[in-house]
């Protein structure tokens, strides 16, 4: 039942900045099972968006995939020729961008942009394409009379629906959504997430949602991949990672969010410090400088991803003590700057 | 001492209407107008913390700019300590500038990138006539207030050498350096990374309590507002929809819009309701708001009266609500 | 129809500008040193002619009254009498305008066709050797005095190689039934070639640089990245998306360029003895033929302002963000 | 003062220089700046460099008019004109009027344009409307015809070009600077300065001007080119200053003296090349600036 659609192993993506090389993604591994929504969560600069782009192999001019595999239905996307990769783009892997405003061409109508994909990439005839356009608009709940409108004539939420329609046009197996609701107001945000979930379940596709917001993950995802400074810190089912986190970073993130359902008088706890500069990453665990549970080995040896539960992995030397650390992490003074032994 | 219950700020039917389009469109008559703030009345007591909550385009940021006299009202009036802001000039304006301060949304935009932290923090001191010899001490004190450890090391750095969290603390230090009575914070953590947000919020809360500040916290996020404010004002398309104690609004919102807003707030828990929101699809269009109640086109409870009559803010229990559903109650 | 309103308001604005320019012109010619009547009356005119003109332009009246008479005359297309040609200025100018326009448009169409293609190509192949050589070259052509370029081309292709005639629009003594017959004759092309080429070489830099930098900007836009993620062909990405968007401002710059070119024509027409408005202006000023100079100046200004308006309207028309607001 | 801190403050000149942000790492810009340097030196030391008075009518050793000599003949590096004047000396002296016109016109254009742009963009409202309508009018005036008409009414002088540029060409600079100021004005730190109690004047001097200065300089260097080209055109058309030797005057002289038919390339090519060098130097510097000011345009 949990057949794997995509399996990323030791993925490494590097940017050339001046003379130096920055590994924005430094050996990331995770799986996307068929028919699930996977949340790729982390702060800015953790490499989550780079992974999303790398999966389409359309990356910045100064970036390159320098290692690892991306096994998609038995094919390694890293080693496919550009021609083979292009054949696969959008037909099997589609993309929903953060800002639909900037990602729709302003000078063409929405229908013309849907048509472009349907006819040039899907091989549909004029009449079939028209029918499919109407179908897609119905699917995402926009009046088909608006097909002939230009992108700027839609509101932010509507544009995001157009972007979803566009992504679903060729019935892809995997849809990558890069911060799909970040630019939207809470109400529209919720409506778009509902729609995504509904369509995903109805069509049985897999979705990767890239986000900085744990709430989005909690609302919609089946699985979570937590990233920190170019590496996967923890990955597992959404339930497990959020209720029983095994990496101190995940534990810290949970404390840092205000919670409308929680008690009123709670105090939020920040994680002191800032993520490391990836041009000069610390030698051991990348979270070590901010971790309240740091050990001497943490500063020297990079912890590998290890199984901590069913389908649940974490990259922490003290993952075995997770139960104890979780209780400590819930206390405010644990994080108050003084790093404990 | 000062009576804690005297209002510090009285906003009386404040309006901020923008003309869109060039000067020529004004000559043609009936120019298109955006009502960023449209008849807002709020009274804020000394020492109160008020959250201005709403989606983009609801007028919350414009409200903040009016309060800081970065814009002038196009109608109505705002009184600060009994004095009208629109007629403030010269020395009075200067005094006001040291009493009311602003914390900006994007710290990287709020400081001049060519200025060192010292230069940035000196500017308000200079304008207040603090002699150069006393400035460094005040700067250090302000930086300590916002809990930047070892403040000396930051003085001669440039903004790009600081992280977002550190810079936002500098922005807060600048706002606090003249010991104001009143602070408006416009989404001060929305540009920051999740792991450092809590730190900035905590500093804000602590400093406010310690200095006894009157504070307005502008945000689209009810969870954040709840963390810092005891009172919340929900705005929609330039108008106040609901105004009352934050906990009451969180637990039992009255206005249909507030209901939808509360239901939509994301929570970081696996177990949560996935019920559809009690609101229609679509988005507010500030240029073409509906007649009557501006929310009626998305409101599931709208009835005939909503289209013809603009609902006025009226008392409903602990709160004030602008909705015809509560008309009978009075 | 909000854009119709905007178009009307812009038209009114520019009508106001035209009025201001007309007023400036009036003041310049009336307040110049010397006899204020010299603007309209040549001492060699017969006494009757002089009196007729005095009456027509109200030259014996106070300045403000003269101003209204002047505006009234303008509105009727009355520009006065040329000293040299002894014929109405308007007639003379209408006769010269086609020559100037055909030179301007032929050179600009040449320049824009080349500039747009070359600019798009340079943006596509950015960072290469071609670009490093081409950009300084293009900047150099922008730095050339147009008339000097014309001189060099004349010296080489006309005086040395003898491929093209040295000036004018037609062989000596040749006559044509109509302007149309002239413009479609083969000889005309050989007369047009050098001046048009001169102006085209100078003008191609603007569309080229504009197209290139717009393309480079657009190529960084999200929708271009998205087009790649969609697996569209490179050609589709570059032409259908990048070039189409980059072209917008270049097209509107064409109208502005017509206005600029008209000013540049003043010198180039002189080098090639091209009987156009610019050369006429120079000759009129040299010969103190003030009515003619005034008329030629006004005509050029009208075209410049008209082209500014067309540029604005074109932009609104071509950009769906404005036309479908 | 511009600087908020006491203690170590760099000299005013140095600070202005720094805020110009000269593009010294762009090879084109450095090339442009060196041409400017060479050009200025030539203008200053013209009397020392030029072997003859540029207006002196020269004679060969056998007392013949030294007319139409080819380059190298009788020691004339670039030959002589039909009137027997030394072309090289004219080229050298031509740099003087070019420098004079270029710098003064550029200064006027940059100054007027910047002030109008800053005032218009910062204060907005009716003053903005008035100034921008004035700019519209300036855009409606055909520049070169305007200079010609002006030159016809005023005494022939090289200042006509400067006056005309000051009257008309500020428009481009003003518009660009205005839109730049509008952007700057919406930056948070300008609001922050207002909230901190800074006066408009202080905000303009401290927060706006340093960001505008490179832009003014950029438009100034474009204006240098425009001024030299305009002066050349005007002189070529015969409306120039007959007293001063300029490159445009030389070209007119050559054109009127049948230099084209005589195939005297040594006569009319060098002045053109000089103009191109100086004007393109401005463009190259501009390009270097654009990479600094608008990094998005970069390759």
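By letter and in written order, the chains are A, B, C and D; residue numbering begins at 1 in each of them.
Methods note: contacts are C-beta pairs under 8 Å (C-beta built on N, C-alpha and C of every residue); 3 or more make two chains touch, one makes a residue touch a chain.
For clarity, every value in this text was computed on a predicted model and none was experimentally measured.
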{"item": "Length of the shortest touching-chain route, chain C through to chain D", "value": "1"}
{"item": "Which of B-D and A-B has more C-beta contact pairs", "value": "A-B"}
{"item": "Chain A-chain D separation of Cα centroids, rounded to whole Å", "value": "54"}
{"item": "Chain centre separation in whole Å, for chain B relative to chain A (CA means)", "value": "32"}
{"item": "Whole-Å separation of chain centres (CA-atom averages), chain B against chain C", "value": "53"}
{"item": "For chain B paired with chain D, centre-to-centre distance based on mean C-alpha positions, whole Å", "value": "50"}
{"item": "Chain C: positions in contact with at least two other chains", "value": "13"}
{"item": "Sites on chain A at which at least two other chains make contact", "value": "none"}
{"item": "Two or more partner chains touched - positions in chain B", "value": "none"}
{"item": "Residue ranges of chain C in contact with chain D within the complex", "value": "13-14, 16-18, 20-21, 24, 28, 32-33, 126-127, 131, 135-136, 139-140, 142-149, 151-152, 154-155, 158-160, 213, 216-217, 220, 259, 262-264, 266-267, 270-271, 278, 281-282, 285-286, 288, 293, 296-297, 300-301, 304-305, 308"}
{"item": "Contacting residues of chain D [partner chain C, same complex]", "value": "28, 133, 136-137, 139-146, 148-150, 152-153, 225, 229, 232-233, 236-239, 248, 251, 254-255, 259-261, 263, 265, 268-269, 271-272, 275-277, 279-280, 282-284, 287, 296-297, 299"}
{"item": "Residues of chain A that touch chain C when the two form their complex", "value": "56, 58, 86-91, 95, 97, 99, 102-107, 109, 116-117, 120-121, 149-150, 152-153"}
{"item": "Of all residues in chain D, those that touch chain B in their complex", "value": "3-6, 129, 187-189, 191-198, 202, 206-207, 210"}
{"item": "Sites on chain C touched by chain A in the complex", "value": "221-223, 225-233, 236, 240-241, 244-245, 248, 319-321, 324"}
